[in-house]
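In what comes next, chain A is part of two complexes: it sits with chain B in the first one and with chain C in the second one.
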Partner chain A sequence: MAEFSTSTKDVGEVSVIYLQGYLDAHTAPALENTFSNLVEKGKYQTVVNFKELAYISSAGLGVFMAFIEKMRENNGDIKLSSMNDKVFNIFDLLGFPLLYEIYKTEDEAINKYIESKNLEK
Partner chain B sequence: MNFELSRLKINAKFQFFIGAAIILFFFKFFIPSSENTVSLIINELLVGITIASFIFFLMEWIHIKKVNPLSLVMNIGILTALIFFFIIFSNPLLGELSSRTQSAPLRFDLIYSLVSFIYSTIILGSVSYIFLAFRELYFLKQKRNVSTYFNTMVVFIILSSYSTLLQQNPDLLYIKDTFFIITILLVILNSIKISWIAFIIKKEKKILLFLSIIIAVLFVLNLAGNSDSSTNYQILTKFSPAFLQFLKINMIYGAIYFSILFFTTLFHIPTAEAFDRKAQEVSSLQYFSKLITEVFDFDDLVDTIAEIASKVSSADASWIAWKDNDVLKSIGNKSIGFLDADLLTTYAKDTKKNIEVSGTEFLALEKFQKKLQLSEPFYFISFSPLKMHNEAKGFLFTARKNNFAFDDEDKNALDTFSDYASVAIENSHLFEESIVKERLEKELDLAREVQRKILPAKNPDYKDLNISSVFIPAFEVGGDYYDFFEIDSDNFGFVIADVSGKGISAAFIMAEVKGIFESLSKTIRSPKEILVKANEILQRTLDRKSFVSAAYGLIDLKNETLKISRAGHCPVLLIRNNIAENMKPSGIGLGLNFTEHFANTLEELKIDLEENDTIVLYTDGITEAKNKNLEDFGSGLFEKILLENCDRNADEISNKVIHEVTLFSQNNPQHDDITLVILKWKQILKNDGEKEWQNSVLQLKT
Partner chain C sequence: MKSKKSKIEEKELVVKSRTENLSDIREFVSQGALLIGLPAKVIDNIILAVDEACTNIIKHAYKYFPEGEIIIRLKFSSEKFTVIIIDHGVPFKPETIPDPDLQRYYRQHRVGGLGMFLMKSLMDEVKYVSVPGKYNQVLLSKKLSATH
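Coming up: the complex of A and B.
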């Protein structure tokens, strides 16, 4: 199978995770590690950029389920962005749009965090 | 067989020797002093035969035992010492006896005959053995065929010995002297060829140096003690002058041989260590190359590698720094504690930029700051990369406590050795992987078995509903599940689900899901309610990462309606009037959300069934089936095939779909389970068209 990799970038207080390649049962642990690291560092406001992701399997989706509660408990979230149609279709079928905020672009997702912060003030 | 034969040969030779000795004894007994020439010659011949038979017997015996040069030398030493003591003590102990008979030469003295015979026989035995030992030493480790030299010498020794028969005649004395001189020359020539010295280890060479000088001195002393006036001389002259000559030649041989041996050994000592080490390297590498094919347990292998590395590089300690999550940990420590090993590893890492080295490197510990923290003093360390797939997965370390730095030879040895070690470690990993793989395969077999038992064995049979189902498991069980519930005569329920994840864990969740749907379908009619309840039940058992996509439908056979709810599953397709419609009521997958949000977002769709309606349930194994370019089969192609075949019966449609999917994804392994369920409502067989055509043909004919 094709490889999978992640990289993380901090935009202000928001951590953006970039996914690349094929996310399935075999590569899911890599993404789990990325999330665990963010949790360890206390970074709960995350945006996942799916632009370079070619495929996601059910095990890949499970990773988001594993961390969403933790993030939300700590005033954070996992916002999803920049999905191609195929990947979005998989999320859509499972009803993820009802559970997660999915945005067209990474900036939209980041702005959402900033907006909600401003609202709090 | 062979062994038996050689035993027999030995026995025969021994008997021959005993026979010869007994004849000699009786001859001596009855003709004590032989003055006439005939009896003298007979006497000498008998002695010669006895010696020869004894030597031949010993030769067989010695060949059965393993020949070790050092033990041969030891034996020679002991026998020489024995002869030495015999000669020394013969004077005071036997002197009087000897002189008594000399004064009355014609008187028969039983005691003297007996004692002198035993004395002579012991000397004879010892000298024979010594001679044989010389022969063995001569042929030891000789590469070329050199037996001619030795045999010539033997011939001259015999000639020289028997020439003593001529000594009564002073005119012929020159013959004896000539033979003697030639023999001594040959002895010197043959003593120079000592080729076995190089093959013994340094420690043995040191012992040999010591032994050879003592033995050489003993031989010289024996030679000197054998003067004409000594009792020994008196006794042996009476016994056999030829044997006395033989003894003399052997003593000279010994003196020369061991003197030369002493100097040869002396010159070999400085190079002994290098020779030893080369030999050890070779044997270590041989041992190790054998090891590669035998040791598969990683821990055992690491221990052995460290042990041999120590030997190969003459180091005092060794260990392997193995990468574990990018941290170097010391394993297989030999003669070094892990604290010391870790300290030294860290030092090497800091000094050599994360030790990205291609070959063996050496490091002196002069500037090592934490040297005092070491529990033992080390002066030099070496480290060689252990590579797997061109990546250094670890390093082989050795350390020396003495002040001798590693040299180029050590580098070569360690380079070669670490290459071997890398291959061995890689082998053991592959072996381990294959075991894990086998276990996984067994597990997957079990999972597939579970799945097979969970799925319905046969499709229900209804008058108005034609049902077909196909399930193709993937190698890694995908967690697909479908089921039919014949609730009562009017209600037919069906479910299709896909458990997240794969393998045995998916199979277990699947079994649970089956239980849930089976019990819920009996009491609840509404698909929405069933899914809401199923979600609640699953909350107790599903972990956060797992979820189940499902679609549940209920057909009311009497009222001809279909109710359907979908929890995150692929849409249910309805093929009607040559149009494929995705029935996709909203709904979140089971296990993704346990709040009222789940129920609030879950819709239930209700349609009235029409004749020829085709309802298609599937899992993403179909739409995501991939060809060799990793392109999806896709829902477009899927729908197209369904539409093209929608007027066929359920089995024909599903066969067609599976056929197309298989064609599409050939040469690419199936990654997910494939499930396809087709429900055909009130199919009207379109035989009319066919009949019309047949009619027209008939009409044409008439």
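Coming up: the complex of A and C.
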């Protein structure tokens, strides 16, 4: 059975979700739960760190589609970071870079939230 | 789950229509593709295409019925690597699936057709055959000359 897990960490107002393992049709519900829990807690500013993700199929990509608008409607976002080339190529093939902000590092993604907050002041 | 190896040119895996079996399917395809020495990147693409095909079968042909059968057959020749996937679920009409439109999905909070788009993008050939009441078959192939 595919191994997949998520963990989350709060950095100020930003929730960072760490993905590990294989994200497919079997494991995608675990990621849905993670996002649902954040939505319930009113945490809409998220960064997803892909560093430890070995594999993604369209079922996994569907989770990001399911939650992106909810996050943005509430002044948040799903920003993506630290993808290996293999995972990035799949996102790229499907045109996801047009819809999602993708950063090399988790810090860059977190800083984008801080920068836009400073701009509002 | 049973696996048999009749001769070196062909391998077969039979699994139940459950998403928990996707990892075994990927491993089976990976081992088969490694035997003929395909480059890692090509193997990754084939694995994803097969995963998408089997996910579609579990969702749409068997509608999550967990006792359906999925047969995955690998064929090796000097020209191409072919994966044939057979199920006995609801016949599939690929022509009814439009290419994905991400902007529309964004508004609808869903995705559909991404799997088929990936299969077409990652493989050289994607062919569907449905014999209603008997079986559905998806054939995926990758030319070997183009990959080395």
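Keep in mind that, in the parts below, the second predicted complex is superposed on the first by the 120 of 121 C-alpha atoms of A that agree within 3 Å, B and C clash if a C-alpha of one lies under 4 Å from a C-alpha of the other, contacts with A are read in each partner's own complex, and residues count from 1 in each chain.
Criterion: contacts are C-beta pairs under 8 Å (C-beta built on N, C-alpha and C of every residue); 3 or more make two chains touch, one makes a residue touch a chain.
Everything quoted here is computed from the prediction, not taken from an experiment.
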Superposition on chain A - do chain B and chain C clash or fit: clash
Touching partner for A:Ala30 - first (chain B), second (chain C), both, neither: neither
Per-residue touch tally on chain A - higher for chain B or for chain C: C
Which of chain B and chain C A:Gly62 touches, first, second, both or neither: both
Contacts of A:Leu94 with chain B and chain C, given as first, second, both or neither: both
Contacts of A:Val11 with chain B and chain C, given as first, second, both or neither: neither
8-16, 386-394 or 494-502: stretch of chain B that collides with chain C: 494-502
Overlap of the chain B and chain C footprints on chain A, listed as residue numbers: 2, 25, 57-59, 61-62, 65-66, 69, 86, 90, 93-96, 98-99
Contacting residues of chain C [partner chain A, same complex]: 19-20, 22-23, 26, 41, 44, 48, 51-52, 55, 58-59, 100, 102, 105-107, 109-111, 114-115, 117-118, 121-122
Touch list for chain A against partner chain C, complex: 1-2, 22, 24-26, 55, 57-59, 61-62, 65-70, 86, 90, 93-96, 98-99
Touching residues (chain side chain B, partner chain A) in the complex: 476, 479, 498-502, 544-547, 549, 567-571, 586-589, 591-593, 597, 601, 620, 630, 632, 672
Residues on chain A engaged by chain B in the complex (per definition of touch): 2, 25, 57-59, 61-63, 65-66, 69, 86, 90, 93-96, 98-99
